[in-house]
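You will see two complexes here that share chain A, one where it goes with chain B and one where it goes with chain C.
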Partner chain A sequence: MKNRRRVKNKNGIANIYLVLVFLVLYAPIFYLMYYSFNSGGTMHKFEGFTLDYYREVVADTRLMIIVINTLVIALLSSAIATIIAVIGALAIHHVRSRRAKNTLLSLNNVLIVSPDVIIGASFLILFTIVGIKLGFTSVLLSHVAFSIPIAVIMILPHLQEMSPTLTDAARDLGATRRDVLTKVILPIIKPGIFSGFFMALTYSLDDFAVTFFVTGNGYSTLSVEIYSRARQGVSLSINALSTLIFLFTILLVIGYYYLNQRKSRPPVQIAEPVAEAGVPR
Partner chain B sequence: MMSKGKSYYLIPYYLWIALFVIAPVLLVVYYSLFDLEGKLTLNNYVNFFTPVYMRMMLNSFWYAFLITVFSLLVAYPAAYLLTRTKHKQLWLLLIILPTWINLLLKTYAFIGIFGTFGPVNNFFDLVGLGEQQILFTGFSFVFVSVYIFIPFMILPIFSALDEMNLSLVDAARDLGASGWTTFRRVVFPLTISGVRSGCMAVFIPALSLFMITRLIAGNRVITLGTAIEQHFLVTQDWGMGSTVAVFLIAIMALFMILTGGSRKGVRG
Partner chain C sequence: MKQLVNTFLAILIVAFGLMFLASRLNSAQGYSGGNTLTIYNWGDYVDPDLLKQFQEETGITVIYQTFDSNEAMLTKVEQGGTIFDVVIPSDYAIAKMREENLLLPLDHSKLPNLANIDSKFMNLSFDPGNKYSVPYFWGTVGIIFNPDMTKGIDFSSWDSLWDKRLKNNIFLVDGAREVMGMALNSLHYSVNDTKEEHLQEALAKLNKLSPNVKAIVGDEVKMLLANEEAAVGIVWSGDASEIMDDNDKLDFVVPEEGSNKWFDNMVIPRTAGNVEGAHKFINFMLRPDVAAQNTEYVGYSTPNVPALKLLPEDISGDERFYPPAELTDRLEVYDNLGKRMLAHYNELFLMFKMNKK
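For the complex of A and B:
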């Protein structure tokens, strides 16, 4: 009896700790959202309810262009990155020698573990030397570049899980290399391709540091814009914007999980869980 | 055997490795050899070993260390408790969810929270501590960074704990080990790989953060990341910026070799 009570008590403390962690984790986000409705114009004294800042955000054409820029870059770069990542995953999968495979994998992971400032600075040098004008092209190329490795990591486990007898059987039945790829391999690794694309998308939408380095004058993405506005101090249109982004993010996550749920296959264990969440950019 | 020849389709991926993985590193090393006037020199390296940069490097390491330690202290118990909850996958998802919200927005929220009239200062007033300068201090920098990094620390530790064989804990308890001894001798060693990847996921970005230092710490805290950003985008001294980057890359590589090597040892 006594023993059981102690366990229960322990659970109480445990729950309080967890609740506290969740509270701290979500407090700033809800704090931002709450003050986006403040007619007082500050982030510390709530005077009255208003939707003015939402109107301001929607009416701001410059901001809308930036939102569109961000979405275009994210969709385009993740699509390109995913295609190249499929090729990369196939390349790594087909390499026979263990040593060559490890080398390829390490090279693949360099951009995942590199600090963003270094990626940004080195890409800036690269684009300047090659003569690419800073702006849309440079931002797109960088986003493709840093999204490829994460997509490869998401696709590779699916390839490794695939039974080699399937491709052998297809070849024995007279399938060409092309058929094997499009009719056997690609359908099997499809879930990996989707999660790769999705990760690339979130990487691209979230990226600040790399974009900050390679974006020229006149071209901006949301993160860069938020940074430059936040540096000028508190402005509640940022709060309104962040509320909208938060809702959009939640929709995206729900959509992603819905897609994942529909596939009735067992979840593939991802080697590096950190990679799944994405290191902050 | 049969894949000989027709491997043209692999070209884009190898091109990516050459152009965006290998070339950038070489370019950074190359640029570190030039000064502001474009003359070939080793002066940047000499400069790096002056007290200014050494202090900055120590500073950067110290803060990254603090951020990693505090993240670990908060995250380990949280991850442990998470594995004990019902619906743990759902709770884990709720831990991950805030990481999908732009880091700058979360940082920006703290400008309000830690501000002179913000809720934290209101609380201090209420308790009788009076108004404190919280924003633009080392404390706020560490706090916000820990806040940002906690999910990245919880995640790998959670998976390590989740994979752990619980019968080993029972065995330890049956053999008379106390709760603390069980944790110290069984649970922690078994999850050290998760702790290690968590620390790596926090320490390296913490060395190079620059937006949080700029927004939250004013210019009080200068890290290697801030220095690189400053040299590349403000003073346009790419040579010196590259030199700092070279050292950051070297530190990172060393860190990876150290942690990667020992990890192999544990598993093998």
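For the complex of A and C:
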């Protein structure tokens, strides 16, 4: 009885802590959303309800083009980056020597922790030397580049978790290399591929530092646009836009869980018994 | 596997669909045609209706791109790789660009409307003879204060900031030139003073201000002052007009000892692709009716004389933003003091910041 109570108490504190953390995380977002409906036009006195700022956002064609640009870049760059990352993760996984593997992994990690500003500035220099015009191509290339290491990190653990006996068994049963890849390896690492894709997507959506350096010739993305508008004081239409994007990301997350829960369960369930039926790990 | 392929195909289809939509919108706006002009300006620093009007009058499509600091803009222009036809930097950035040979000389014969600019805003130290630049907006550095919280202190002199009643009630802008300049001004020296003893004197005076300073802040000063977090702030006049839009209790004053005046000017960078169009645009912006409309939208002070007459009295007659001649004569532009002197200014400012308790 005594014990149980202690456990309950502990849980209570943990829950309160969790609620507090989420409050801190979400409060600014809800604050911003709340004022996007303020007819007063400022962020410090709520005067009345209005949808004017949402209308303003939709009517601003330039802003709409920028939003679409941002989405296109995010979707394309993370799709391309994920495909490259799958190949890269497979390659790293297949390297035999431990040292070589660690070196490759460290090189991958260095790119994740290195400051965005430096990556952005180096891309700017690279593109101008090579002669790529700043605009869609340069932004896409740089986003693909900084997304790859992130996707690799998300995919590799799934590869490492996979029992090596699985591929051996598949080969013994007469599967070709291609079959092993498409029927065994890819289905097993699928959750990793999706999480890699979604991580890359969020990175691409909100990246400012790199994008700032490589945008040009009238091509811009949302982060760069909002940042330069902020100097004049952020207008509430930015609040409205942020609210819309927040809802959009929530939808993405829900979609991601839907994919993860419903579709990736069966292969995992099949994979586990097979692994256990083989050589015990 | 099939599911993976399908998902990625769906993503690609959505992306290309969006791309198609964007290109449709772009061509509907005329952004993809050949006859375009790229303007590189501060965010929200021009009336978008004027860009449309320019497009209707000349058939040139304007692409408006934005930056958030002179330094960021300099990097982009220096590196090349993208074409900007008209850029609108501040005074010291223009001096720098001139030194680094990044600007095209202006053809004054194509800018007849240049005559509209007040002569006291022409031929300034950062660009003698206006060979490369044309004034766009100007402003000052001054004191914004909340009469409810300052109990009748008269802010017409910089010395009023040292008043004991303002303890822990002043926001300073985080700029070495601005804060040092204010201290120099309060001692009746020039904001460009380089004499060591004068600078030390200024530092000593600043240190005495410490108890009154609540914080040294950046752009967030606008929000803080509008929310009445402190009674007084040292800000640029442009910021002041924005703060006063948000909170009309506040008032702004440029102290009589003098202060800095700053300029944002239009220039044509060396990499410009449409020099003809750039001249047309600059000349267009100098037209009185256009300048007046733009001034009403942006809220900064215009150097355009006939435009001032077109503006409503409550804007053009506002002495806080259009100070009378005897005061403007005392305002100074920041000279380019050179790297070493600037480093010294920064060092002194840092010492003041470290001393602050």
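Everything that follows uses one rule, which is that the second predicted complex is superposed on the first by the 237 of 281 C-alpha atoms of A that agree within 3 Å, B and C clash if a C-alpha of one lies under 4 Å from a C-alpha of the other, contacts with A are read in each partner's own complex, and residues count from 1 in each chain.
The definition used in the following text is that contacts are C-beta pairs under 8 Å (C-beta built on N, C-alpha and C of every residue); 3 or more make two chains touch, one makes a residue touch a chain.
Small disclaimer: the values here were computed from a predicted structure and weren't measured.
Engineer: Superpose on chain A as described above, then tell me if chain B and chain C fit or clash.
Structural biologist: After superposition on chain A, chain B vs chain C: clash.
Engineer: Once chain A of both complexes is superposed, is A:F213 in touch with chain B (first), chain C (second), both, or neither?
Structural biologist: Both partners.
Engineer: With both complexes overlaid on chain A, does A:Y227 touch chain B (first), chain C (second), both or neither?
Structural biologist: After superposition on chain A, A:Y227 lies in contact with both partners, chain B and chain C.
Engineer: Quick one: classify A:V72 as touching chain B (first), chain C (second), both or neither.
Structural biologist: Touch status of A:V72: second partner only.
Engineer: In the superposed model, which partner reaches more residues of chain A, chain B or chain C?
Structural biologist: The partner making contact with more of chain A's residues is B.
Engineer: In the superposed arrangement, which partner chain does A:G174 touch: chain B (first), chain C (second), both, or neither?
Structural biologist: In the superposition, A:G174 contacts neither chain B nor chain C.
Engineer: In the overlay, answer first, second, both or neither for which of chain B and chain C A:F127 touches.
Structural biologist: second
Engineer: Which partner does A:K183 reach: the first (chain B), the second (chain C), both, or neither?
Structural biologist: The second partner, chain C, only.
Engineer: Just to be sure I read the superposition right, which of the two partners does A:T202 touch: chain B = first, chain C = second, or both, or neither?
Structural biologist: Touch partner of A:T202: chain B, not chain C.
Engineer: Go through the superposed model and pick first if A:R62 touches only chain B, second if only chain C, both, or neither.
Structural biologist: second
Engineer: Go through the superposed model and pick first if A:P28 touches only chain B, second if only chain C, both, or neither.
Structural biologist: first
Engineer: Clash with chain C: which of chain B's stretches 39-47, 93-101 or 111-119?
Structural biologist: 111-119
Engineer: Considering only the contact definition stated at the top, list the common interface residues of chain A for chain B and chain C.
Structural biologist: 42-44, 83, 121, 124-125, 212-213, 227, 230-231, 233
Engineer: Touching residues of chain B toward chain A in the complex: what are they?
Structural biologist: Against chain A, the touching part of chain B is residues 2-3, 6, 9-10, 12-14, 16-17, 19-25, 27-28, 31, 74, 77-78, 81-82, 84-85, 91, 93-113, 115, 117-119, 122, 147-152, 155-156, 158-159, 197-198, 200-201, 204-205, 207-208, 210-211, 214-215, 224-225, 228-229, 232-233, 238, 241-242, 245, 248-249, 252, 256.
Engineer: Quick one: which bits of chain A touch chain B in the complex? Just the residue numbers, please.
Structural biologist: The touching residues are 14-15, 17-18, 21-22, 24-29, 31-32, 35, 42-45, 83-85, 87-88, 90-91, 94, 104, 107-108, 110-111, 113-126, 129, 145, 148, 177, 202, 205-206, 208-209, 212-213, 222-223, 226-227, 230-231, 233-234, 238, 242, 245-246, 249-250, 252-253, 257, 272-274, 276-281.
Engineer: Under the stated contact criterion, what part of chain A meets chain C in this complex?
Structural biologist: So the residues of chain A in touch with chain C come to 42-44, 61-62, 64-65, 68-69, 71-72, 75-76, 79, 82-83, 121, 124-125, 127-128, 132-135, 138, 182-183, 186-187, 190, 193-194, 212-213, 215-218, 220, 224-225, 227-233, 235, 259, 263.
Engineer: Quick one: in the complex, what on chain C touches chain A?
Structural biologist: Residues of chain C touching chain A: 1, 3-4, 7-8, 11-12, 14-15, 18-19, 21-22, 25-26, 28-29, 31, 36, 38, 42-45, 63-68, 72, 75-76, 79-83, 219, 222-223, 226-227, 242, 246.
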